[in-house]
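As written, the chain order gives the labels A, B, C, D and E, with residue 1 at the start of each chain.
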Amino acid sequence: MIKRAAALLLLTIIGGIFFTLLTGYSADENLNLTAQYYAENTAKDIGAANIVTAIIVTYRGLDTLGEVTVLFLAAAIVGLVLARSRGAGAAQTVKAPVGELLTTGSHSLLPLILLLGIYIFVNGHLTPGGGFQGGAVVASAMLLLLLANPVKRFNHRLISIIESFSGFSYVVIGVLGLLLAGGFLDNRILPIGEFGQLFSAGAIPLIYSLIGLKVGAEFSSILSNLSEAEEL
Amino acid sequence: MSALILAMVVLLAVVLIGAALVAIKGKSLPIAILSAGLVSLIASVLFLVLAAPDVAMTEAAIGSGLTTFLFFFVLSRVRGGEND
Amino acid sequence: MVSAVYIIIAALAAAFILGFLKEQWRGLAYVITLAALAFMSWVSAGWVWALGWQGAEAVDILTAGTEPPFAINLRMGLPEAVLTLLVNLTGLLSALYLKEVLFRLGRRSLVVLLIAIMALSGIILTRDIFNLFVFFELVVISTGGLILLSDDVQSNSRALSAGFKYLIASQIISVLLLVGIIFAYHATGTLNIDGMAGADLMALQGGVIAFFLMFIAIVAELKPFPANGWALDIYESAHPAFSAIFSAATGAAALYAVDKLLLIGGVSWLPVATAIGIVTFVVSNTLALSQSNDRRLLGYSSIAQIGLVFTVLGQRDILGDDYYYIAFGVLIAHAVGKAGLYWLSGLVAGRGLTDWSALRGHPLLIFAFLTFVFLLVGLPPFPGFYAKWELARYLAAEGRLALLALILFGALIEAGYLFRWFGYIIKRERPAQGVVSDPLKQVVIFAAVVAGWAMAFLWGELSGRANLLLALPLLFALAFLLLEWLPAWFKNIVAISGLVGYFAMTYTEYDPLRLIFIIIFTLGGALTLLASFHTSGKRIGFYPGAMLMYAGLVMLIRATDSFDFFAAWELLTIGSYFLILRGKHSEPHALSYAIFSLAGAFSILAGFALAADGAVHFTIQSLSEVATPLAPWVFILLAVGFMTKTAAIGLHIWLPGAHAEAETDVSPMVSGILLKAGLYGLMMLMLGMGIQELHGIKLNYVMLWIGALSALLGNLMAIFEEDAKRLLAYSSIGQMGYALFGLALMNHLGWLMALMFVINHYIYKSMLFMSVGGVAKRTGTRDMYRMGGLITLMPLSFIAVMIGIIAVSGVPPLSGFGGRWIFYNAIMSSEYRLPMLIIFLSVPVAFLYLFRLIHTIFLGQLKDEHRRIKEAPFWLILPQMIYVACLLVFALVPGIALRHVDRYLNDFFPNGGLGWDGLLITSQYGYWSPINIMIIIGVIFMLLFFWLLFVNRKAQKVKQFNIVFSAERPYRPETTHFAWNFFAPYRKALGFMVQPFVTLFWNTITDFLHAAANLVRRLYTGNGQTYAYHLLLFVVVVFFVRMGV
Amino acid sequence: MIAQLAMATGFALILIGFYGALTNRNILRMIVAFSVANTGVHLVLVAVGYMNGRTAPILDSAVSATEAVTRIIDPVPQALVLTAIVIGMGVTALMLAFAYKLYEKKRSLDIGKFTELRW
Amino acid sequence: MEFEWIKIPYSLLTLFIVVNYGLLMTAFIAKIAARVGRRHGIPIYQNYIDLIKNYGLRSSITHGVMFYLGPVFRLSGGVGLLLFVPSIYGSEMFSNLSFAGDLILALYFIFFGTLGMALGAAESGSPHSAIGITRGLSQVTAAELPMALAVFSVALQYETLSITEIVAAQQGSVLNWTLFTNPLAVVAAMMAFLGSMMRPPFDVVLAPQEIPIGPPTEYHSSYLALMQTNRVIFPVAKVVIYTNLFFGGATNWPIFFLKVFLIYMVSAFVGVAFPRFRVEQSIRWFLIWAMPLGILAILLV
């Protein structure tokens, strides 16, 4: 089939390009300039133990703001699109009740999962994980609820307010950085504190928490919107 | 140590590629989606090996978890279209 | 200054605030959005002001309080300020435009819009490559969202599939981009664009491929051919306001991203950019030719324009300080024009190009449309015009001639389909649905119009040349736009006084040669305008067009710099195009006029650019200093341009239709006056450059042939013409052939003859067009065989025509003979005998069509349906009578004008002038005494006439049918009016010479273009997967081309 | 060596994903294929930042701030991948929304059937 | 070369001589032609009778203004042509009004009468006139071409446009005539001459033997008289140009008469020997046979 052959041919060439990159690649012996700067300065400047977090929240905070916005946007669009297809929503197909086990299990698990999510994003500057991972975990709690009770309706307005609140606060903190510290999204508006402590690294825990909230809300929004979408 | 890790990486790579092939060629769409989730999941293991725990967590939670659910949500709502 | 980062902050803050609002509070949400967009625009505007006018320095904006390579930084310099202003204003205006839609969709749609605009600003501001990626993804997602929304707006699902195709493409793009970024980072150790540029990525391991991947990914966002099927679908299906953003703002942002990227790539990537850009430009424009859907056409045009800017980016190495001036000139013109047209398309109900004729009842909207089209085509006084000029200058100086040719070719095609569209609007039947009346939308559209004109002014100020918008003639012409609501007679008075007044103000400033032209253009123009008093009503559109033409003509004479000359040339071309388009059936002819004229203009542009050799200011005089290897080419280019205007044979096919179909008072203008512009150009050229040789062939010899053939074939075609005005039009081709021939002789008398033709042709052709126009007006037809016997009903018209044809044919004693006499004397001293023979052949032929003109209209049998018609309107007759007087005076004392010119020509051709000895004019070979001839002929004529009158004093006029007719009495005039196919024997003998070979040639070319377009656009199968193939194919091809495998 | 291997796997995933996207007509399958390709990209990104014998860029008792320069691997690619994953998820969600809408309107998921716009 | 009043009577004298000569000569040639055809032919004074008769007739009919003007134009053209050309070389008396213009004037003035005639005839409203005019114009324009080429060849040869100077250059010996110095031009011009004389085989314009057709269809009485006058002046005027340009001019009246007669006879001879051409045939004939000669004449000068 010509199409497959063409695809194979094109991809072979692209693969060739990749292959050149691969063979030309040699791992660095030492950290490059940028990485070295981060390795040396993160602790004293930012105060975060997790350098990745420091980069994400502070050094490349603008990326992260954009990233959060991506999710926000995706949630808004999905919500908009699906809300419009839902129509009146009168004739809901009544789904078969889910097993008792799942319902009870989910109810007991829910607080635990939520707690785990919060732990992940609050400790983002110290341990692996952070706002995104934590947010995803929070959202999975919502997911569980959805699975347990498919007819359940989330309070979209609440989700939306959480989303907006965290997003807006994030921006405000960023602006505070601009006003009080070295620039937009500078985390040093709060004291850097003692390295390795929960309340350290300036505004990072706060920002990451907001991100976590926001990501959780956004994922929840997307999931719930999709789950509420009508079957076609 | 490093040989062990290398063997593990090779194994993961093989499984990854196998899962990926299933994801694009799999007979039924649910299997394809699951395989794609599997690709993400194995990749997150690989990330751990590559000393990237943050990435591993994210890939596991978002790439293999949430995304897969998204797929299934949509899939369950477009029944009849999956064989197009 | 407010930090530029607030552009991003404001948008995000507003977007998040919107989330707090209840779904029902739509008004508040809308206001917040507008406020945010207005604030963002204000910030950008503040920076534009500070950086552009107050000399502020570009600033780097740090984030996270850390120095650049380690944290993301933004930069606000003049380019960024301008572009963000462009993006934000587009967003603001689109938001206004979309009010109704946004209200319906609610706050989340506002969020999407805000973030889209913010992300575009981010692309422009950021100096970090990965940050660029993030903003790009934001743009992708928000674009997808906007498309989803517009899908709902139009309740069709076409936009959906378009959006999905877009997402497929952007997935591939983002994969390539990420891989490229990471390897570039690996090679250079930084993500900062300036850092990468400083690290010389190309020299590093894997750097070239890494850069290639980044480059190709961003370039793919520019929708290069052929990887752009999805973009076209979006343009076609999305809501027009989104398309406006997509075209104007996204395009601008993506271009700037590429511009930044090219900093990293360095000079060696510029040719790649050039190649991709120019292919996209030419191919997309060609494809647009065969589009009938307005938005898809605009889509092709958008892609083409972006390709053009991309081509300009590729010239960065040679453009120096003018780089941004040129690039922004093209880009902003495109952005404003395209956004405006998309917004305008929202007011038109139908999607076919012809449906736009709904605009016809709305002069303001037509003005808006024209402003946008002008912006796109790059006509003066808009930025694209300046940019095109400067670009051509650099390209020619650098020897990038093929590129210049391609750019001009593409621009020509673009002008072709845009003007064709304008023709539809003006001429096609109006659809049932009118224009959507929505004041807010119209406000937005006119904001774009104002922006366009403001840009025109700004670019004029920045050009380092005289600002076109401050030129008095042009201002005067534009002022008529404001007077449009007044009755035509009033505007006519203003126009005439303007022309006469301008002459009175400036007549001392010209040398005799220019004086002749300026007299024809101003006083002659005023005289022609007298005829316009016969019309009634407001005559909307006539005066701006006419005065634009006159402004161009006057500016042409006054121009000393090649730039001013070219600008004037374009102005007069456009003005005359509008005039011609006014004719009832002139749509196709006006189009071919526009295309030929613009092609000619581009040829002139190329010629000047080549001649200037990079010099910023190049005066017309310095044409004489152009050195040899270049000179003949300059000469050819300029000559071809000017000969297009004089309708030399081969380039003439636009003329008959254009002149014949024009309105009664327009035909004299475009024939009697406008054609002289071409002659003037040729004179300037040949005075400057003299006789040029190419491969041993003297170029003026070639022109002699062209002139001779024009004369012969023009005349031959005229004799077979049934349509009176077309006959006159073909005759103009012949007459211009004579003039061209005279110029090409390159001797004193040849030039004098050409000038004689300039004057004569103005007088008699204007007069003939008016008389014939008057007749056509009264009889309701231009077919001569339908007329006949009108001499008694329209005696004054008859007199004008009779005097006219005597003058045209060169029969003594009228002034046409003077031209012939000088002509024969001129060729006596000439070496060139073969082309001369052709001229001989053409002289008697002219006689045939002229006789036919007068015979079939005024003599012979009067038709029944014409028995009650009256003489032509007074205002048509008046100028004719003035012309008759002029002809007689000029026949008696040609010296009034010619003496001075003769003396003036001595500066250039010292030998072979005429002797002016009292009543006698002598040349080296012969002599001519116009007054004596007039008296002798007059006396003989009068004697015989009065004798005959005396003898037959009792004669009475017999009835019409009282003739010798084989002993029969004819009962219908039609059967006895021998008029149709009048010169059948000639057709039998020589008809083969007027086979429409030239028309066939040009038709074949246009057919070929259309066929090619139709073939190539099959590429766009509509299948998103196929588009993915195209994208990958594009990547692979560029890779191979760049890597030289 | 590990880095190269992971990178090669990543590239393979990209190519496989592209192949799937180019040959499957079902748009859901295309989306799945793209998510495979995205995973591949993530793998490549992380692999590029990998340095043999070093640890994750987290300072703790094992790696102190002072010796970080010699002990940790490059944190930047990881930060980038994090962002990329989230963005990829956003795009995927959007594509799924499109797929849903397309199916709603056309009752089909065949990309070959959405060709009313062309030429 | 200035205007003097005495030139007026001199010119009238030339006119008088030429009219009489023309009347006699045309009658004589008609007579010869008749005799060749074994007919008796007209008396030698027949032309005078016709002319006087027509001048004597009064018409009460006109078809309009241009109908009036047609013959006036026509005769003005003939007279003007005659008078713009010097008749006798070296004679101040018979240099006529040639001070007003040169060869170009003469060449272009040929069209003056043609135009007027065409206008007048067209005004009459008769289709036969119009048909005659198209034929006439078509044929004449084709015939004029070799003529113009030949004339210009001569002008180039002598590097002047003044007729007097051209004649002057041919003086001294018969071998100085253009006939011998530039035979191609002369042949081309003579071929053109045939066409412009409206004699067979180029007489389809007037078609004298058939139903009344041709430009003068509607003309009669005094209108016709003017045209008849022209018919004797115009050919002679043309032949005078030929004599001057190609055959050494005439230094006195006898030579003038002789040369004019001989040149005129050429067309008569050809006329009896050939059948009539249709218009397109004659156009082709001029273009194929006469024009190349003219072109050669110009190129070879």
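Please note the rule applied: contacts are C-beta pairs under 8 Å (C-beta built on N, C-alpha and C of every residue); 3 or more make two chains touch, one makes a residue touch a chain.
On a predicted model such as this, the values are computed, not experimentally measured, just so you know.
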Chains adjacent to chain A and to chain B under the stated definition are D
Under the document's definition of touching, what chains do chain C and chain D have as common neighbours? A
Measuring between Cα centroids, what's the chain most distant from chain B? E
Roughly how far is chain B from chain C, centre to centre by C-alpha average, rounded to an integer in Å? 59
Computed distance of Cα centres, chain E from chain C, in Å: 54
Taking each chain's centre as its mean C-alpha position, how far apart are chain D and chain E in Å? 99
Chain centre separation in whole Å, for chain E relative to chain A (CA means): 106
Residues of chain C that touch two or more other chains: which are they? 130, 134, 137, 141, 144-145, 148, 179, 183, 186, 191, 1029, 1032
Considering chain B alone, which of its residues make contact with at least two other chains? 53-54, 58, 62, 66, 70, 74, 77-78, 80-81
Which parts of chain D, given as residue numbers and ranges, touch two or more other chains? 3, 8, 14, 18-19, 22-23, 25, 38, 40, 48-50, 56-58, 76, 78, 80, 82-83, 85-91, 93-94, 96-97, 99-101, 103, 107
All chain pairs satisfying the touch rule are A-B, A-C, A-D, B-D, C-D, C-E
Can you name the residues of chain D that touch chain C in the complex? 14, 18, 21-22, 25, 27, 30, 34, 37-38, 40-41, 44-45, 48-49, 76-77, 80, 83-84, 87-88, 90-91, 94-95, 97-99, 101-102, 105-106, 111-112, 114-119
Can you list the residues on chain A that touch chain D in the complex? 3-4, 7-8, 10-11, 14-15, 18-19, 21-22, 25, 27-32, 34-36, 38-40, 42-44, 49-52, 55-56, 60, 63-64, 66-67, 70-71, 73-75, 77-78, 81-82, 85, 126-128, 132, 195-196, 215, 222, 226, 229, 232
Help me check something: in the complex, which residues belonging to chain A touch chain C? 6-7, 10-11, 13-14, 17-18, 20-21, 24-26, 28, 32-35, 37-38, 41, 45, 58-63, 65-67, 69-70, 72-74, 76-77, 79-81, 84, 157, 160-161, 163-165, 167-168, 170-172, 174-175, 177-178, 181-188
Enumerate the contact residues on chain B facing chain D in the complex. 2, 5-6, 9-10, 12-13, 16-17, 20-21, 23-25, 29, 32-33, 36, 39-40, 43, 46-47, 49-55, 58-59, 62-63, 66-67, 70-71, 74-75, 77-78, 80-84
Which of the residues in chain D end up touching chain B in this complex? 1-3, 5-6, 8-9, 12-13, 16-17, 19-20, 23-26, 28-29, 31-33, 35-36, 38-40, 42-43, 46-47, 49-50, 54-58, 73, 78, 81-82, 85-86, 88-89, 92-93, 96, 99-100, 103, 107-110, 113
